[in-house]
Amino acid sequence: MRKPIPLLVAALALLLLVPVAFPHLKFVITLAVAKGFAALGVALLLRGGLISLGHAMYFAIGAYATAFLGSKAGVSDLVLLLVASTAVAALAGLVFGAFLVRYRAIFFAMLNLAVSMVIFALTSKLYGITGGTDGLRVAVPTVLGWAPGKAAFDGFLFYLCILLMVVLGWLVHRYLQSPLGHALSAIHTNEVRLEYLGVSAWQTLLTSYTISAALAGLGGALAAMSIGHVLPEFAFWTESGHLVLTAVLGGIGGVAGAFIGSVFLEILHTVAVGVAAEAWNLIIGLALICVIFFLPRGIYGLIEARRGSTKETGL
Amino acid sequence: MPKPKFRLAMTAAAAAALMTGAGWAQDKPARLDLGVFTFLSGPSAAYGLPGKQGAELMIERINAQGGIGGVPVSATYVDEAQGAEGVIAEYRRLAEGGRAQAMIAALSSGNCLALSPLADQLKMPTIGWNCDTHQLFLKDQPDYFYRPNGNTIAEFMAYTLYFLQQHPEVKRVAIINPDYAFGHDAAEIVKATLKAVRPEVEIVAELYPKLGASTYQTEISRLSAARPDVVFSNLWGGDLENFVRQAGPRGLFRQSAVVLALGETVMQRVDLPEGTIVGVLGDGWWMSPDARTIGEAEPFAAAYREKYGSDPVFPTIKMANSLIVLKAAYEKAISDNDGAWPDREQVVAALEGLSVQTLTGTTTFRDDNDGVVDQVIGTVGRAEGVDRPVMTGMVRYDGEALLAPVGQDPIAWIGTLTPDFLADLPRPGSYN
Amino acid sequence: MFQTIVPLFVDALANAALIFFVAFGLTLVFSVLRILNVAHGSFYSIGAYVSASIGLWIVSAGLNPWLTFPALLVSAALVAALFGPLIERTLVQWTYGRGEAVQILMTFGLFLILEDLQRLVFGVSSYYEDTPVALLGSIEIGGIIYLNYQLLLIALAVVALVAMRVFIGHTRMGRLLAVVVADREISEALGIDTRRMFTIAFTLGIFLAALGGALATPTAGVAPGLGADTMVLAFAVAAIGGLGQVEGAALAAVIVAAARVLAIYLFPALDAVAPYLVMLIVLLVRPYGLFGKPAIRRI
Amino acid sequence: MTSNSASAQPLLRAEDLAISFGAIKAADGVDFALQRNEFVAIIGPNGAGKTTFLNLVTGYLKPHRGNVWLDGRPITRMAPRRISRQGIARAFQIPQLFTDHSLIDNLMLAIAAREGIWQGLTPLNRRAYRDEAMEVLELLGLAADAETMTGTLPEGLRKLADITLAFALNPKLLVLDEPTSGVSSIERFRIMETLMNAMRRRGLSALFVEHDMEVVQKYADRVVVWNAGHVMAEGTPAEVMSNPEVLESVVGVV
């Protein structure tokens, strides 16, 4: 099984040059990577055969945690904020997941949607706490005592996102190669057999669900800092749909797929704005259907080195 | 209430700009690019589109008169319906990509709250053309964000005072506002004002349907059941239209006096029953006596009618006034800069304390970047020789009097008012 | 007591009638095709747009205003005829047997496309056409004025439910559909043309969604975003009732509507949360909905 | 594999086991015992409740009444994964494989499962697992197909592959559901030979459902005849085959 490592390294190098070559893409890429974390979370679950139509809620939980800790609890350090927000999202994932991963197929998708819509409705209705549909503002955090201006912080955040992408991407990759990671995809192909091997599908899924929630939460926290504002629509079901779309477009075959999909979509969006702002959804809708028809392994499948036996992702 | 002094200053500045025009051709950009943020789709577009059209027309007219300091103006329009995340991304794209030198942003209070820190971070002169929430300048004092069209404190105090003047016997008030800062702010101000000047009034229902709701039938039942003397609402855009159309057949307008803070925007589109109290959130009523005195609103409206087939509404005027303010700021900055094209800091410096005569009155920036404007309110009625309802029984409250002093918590300030405050105000019908 | 309970009741039923049709369509499609159509809400808004457009045209052309009533039905039929067979035969059919993820994604893609198509065709401003409401007038119940049209809607929802029962129980096609729902393999073995059944059921589902939208127009504005909002509501109702359970959807519509109405009367801050809170509570207790049952895999 | 202290009691014991699906009693007070190193076949007509019995023993179904013990320890109403960890491994009538994984990956996953799936970020694909997996594959004659995706294996090999997964768990008792169904009659004996050799070398006990009477006669130590949810007869293959009642109800059907 050969991986297209050189290609990925080249892509990464290109990405690192963005702030120099295209300064105004810096924000776009930062956001893309942040969303890429959430898409990676969704892709993890897709490997286990589960489609979550509610994962934007963990993105939102991470984002709101950052906004809350910053504005109400007076936490201003970036590291603390990221760790705490990710932990909050992971905890939420653990709690909701304990109940949700008992279900499969459409019911899993549906129940995730149900929970996410409760979160969405609460964030948009509890005006006194969450700022309602206005959302909450996120101040520029300090970084271990360093208090950068917004511009300096944006630059820092960009490279931090890339760093986190590489480090966490590698960790997730290792997780997928570990027995527990293989057990996850085994749930998709044959859960009964897995149980008969003595492995708890529930625990396996709950682990991956919690990891996916943590990834989405981290993405949300990064996005909150980058945008400087959090909003209920982060948790709306169409956002969850977009996360699934990003994961599938990128290809769930490898960890890189989620980020490739996300960066690809955001850059395409930037390019298309003005040209096709009216028909943006139409374009990505068509793109999605084309990918489902012609590229079952997503964009990542295109750049991935050919393997001996081609297999369906069996989505 | 035009203030001749400022008018003179303006004319002088314009003349100075013209005279020195030839000298700074080198530094002048070929074009002054603006980012204009408004709702272009969804229910809110009913309010946002007239704003966009106001910008188009105003820019056309500015360019026809030689642009700003000889530089033609062009605008990129951004749809706020895509949500604050997209709005912020667009703002940054325009600012960091060098595709805008100044912004007219935004319509929604939520978006303004999100954009105002960004204006400072990106050092981008921004005119908040419509975002009225008083929270905007409460939390922080941005240097680059200016709001020329007034804030919720003056606006909703004015409505409350007006309906108390019109309906002195009112005992029960119900509120139905959209569920975001603008709606909640307004309710808070109305309640605070009532408590200060008419404490015996009871709030019998407080509803906050979500922005963009398509049906209000249950809310209407709830309002009917509460039997209020006055129903107050600052719903707007398509929401307001829907509400009026749905509440009409169900007798709400017969049962209670209805105050529609943004009623003027829908007067052309739906039949507002006579007696409905409507306003324009500020002084942007193009047919007001002051507008007639100034004399520019009428030709503007004629051109608007020519171009878009309907009369302008107050969002149109707010937008046009915002462009006038921006133009004045540039011209002042140019003259302060000895005729050379100003950089952004100079434009912002020019905005400081600026006082500008607009199409409909005067706006003067306070120390907190808030523009003080008067408040015009009226009641839907009939006028001779006009075949459709118009605003009657109008009043024009002095804007300064309805604002807390800079730095004071406005809600607490309202709490210090007494019933005498109401007695000292001009009466409905005094402004004709 | 009477004074407060009756309006609550009328409001709840009027609300329920509005969401029943679209949830009914969603659950019907699921019961026959085993597909959760994420684009279902879009057909609701398309139905609303078409009926509002036709209604506005009738009024502006000076035709008999009573024609706006049949126009509601006609526009739903138009939408169903236009989209039903086309989409089922191309996109949806391709996903059969490919797992839920593909089906959800495919219909999500369709949802995105339809949302923009509506913008391109109908523009971005709100539509409002309330001639039927004006024609029918109003009635006072419990001291509150209601629209006769709202009562008509409640009656129509009941009629639709009964009609569906009669269709399933007493017509050949209805019985065939019931067999397909009960066991796909057996129905294929019996020589039933399941592909045709799928097309019919999908089209019927779209018709119900579009009809829901069309019937809602006289009392509600139509604007972009309506489809996405309706989708989740229909979804909540279908899930509470048990996916694929028509009676369940009817009961769930009433429950959701009652929860929303109660929230507006008693805790206005919770009105938007109410449907989803009810859904979560019901699904916590009965994960497969009020009338739903889990499927057991044979090994 | 044999434990001296517990040798007095049967490896697997079921008592008064009962379950019904609606009106059908799929198990109706069944008593059953299997001794260490015994190879017991269950036969019976379709719908007699044979697979249901396997499902009850392995925990896929919960009995409405009765108890099951493995090595003297109660395993009643345990989930399949816990029963698996107690030492019962199962192969299925329809092969249950991870079809997106290669055969050796399937095996390594089974081994990892046996060793405890929580192993941090250590990769599944490691020398120790690979060697052990190859050993099992060689034992059952599948070494040549180690890298094949199990989804693309031919039917006969898939049955064996399914059994190797059970083997990899190092169980005390192997439960096989029609190990030779869907396989040609020539291949049938080849599979059974391989299987029997492997089981002897590992010292395994087995409980298997089988339709083919020739296979039963050739390999089973003891036969239990199942009919309508209860045990109708049991004994050596020869004894059972001479029972006219059995011949009529079971063999006649086959």
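We call the chains A, B, C and D, going by the order they appear; numbering starts again at 1 in every chain.
Note that in this section a contact is a pair of C-beta atoms (placed from the backbone, for glycine too) under 8 Å apart; a residue touches a chain by one contact, two chains touch by 3 or more.
Each chain and its UniProt protein: A = Branched-chain amino acid transport system permease protein; B = Branched-chain amino acid transport system substrate-binding protein; C = Amino acid/amide ABC transporter membrane protein 1 (HAAT family); D = Amino acid/amide ABC transporter ATP-binding protein 1 (HAAT family).
Treat the numbers as computed from the prediction; the structure is a model and nothing was measured.
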Chains shared as neighbours by chain C and chain D? A
Farthest-lying chain, centroid of Cα atoms versus that of chain B: D
B-C versus A-B: which interface comes out with more C-beta contact pairs? B-C
Central chain of the complex, centres being mean CA coordinates: A
Centre-to-centre distance between chain B and chain A (centres being mean Cα positions), rounded to whole Å: 39
How big is the gap, in whole Å, between where the Cα atoms of chain B centre and where those of chain D centre? 79
For chain A and chain C, let me know how many angstrom lie between their CA-based centres, rounded off. 32
Residue list for chain A, restricted to those that touch at least two other chains: 124-125, 127, 192, 314
Multi-partner residues in chain B (2 or more other chains touched) are 179, 208, 210
Residue list for chain D, restricted to those that touch at least two other chains: 60, 92, 96
As the complex stands, chain D meets chain A at residues 58, 60, 79-82, 84-85, 89-90, 92, 96-101, 105, 108-110, 112-114, 117-125, 149, 151-152, 165, 169
So, in the complex, the side of chain B touching chain A is made of residues 76, 79, 83-85, 88-90, 92-93, 96-98, 109-110, 113-114, 117-118, 121-122, 139, 179-181, 184, 208, 210-211
Flag every residue of chain C that touches chain B in the complex, lowest number first. 4, 7, 10-11, 14-15, 18, 119, 124-126, 128, 130, 133-134, 138, 143-147, 150, 216, 219-226, 229, 260-261, 264-265, 268-269, 271-272
Chain A to chain B touching residues, read off their complex: 23-24, 26-28, 31, 124-125, 127, 131-135, 137, 140, 149-151, 227-229, 231, 233-234, 270, 273-274, 277
Considering only the defined contacts, which chain A positions touch chain C in the complex? 46, 49, 51, 53, 99, 102-103, 105-107, 109-111, 113-115, 117-118, 120-122, 124-127, 192, 236-238, 241, 244-245, 248, 278-282, 284-286, 288-289, 292-293, 314-315
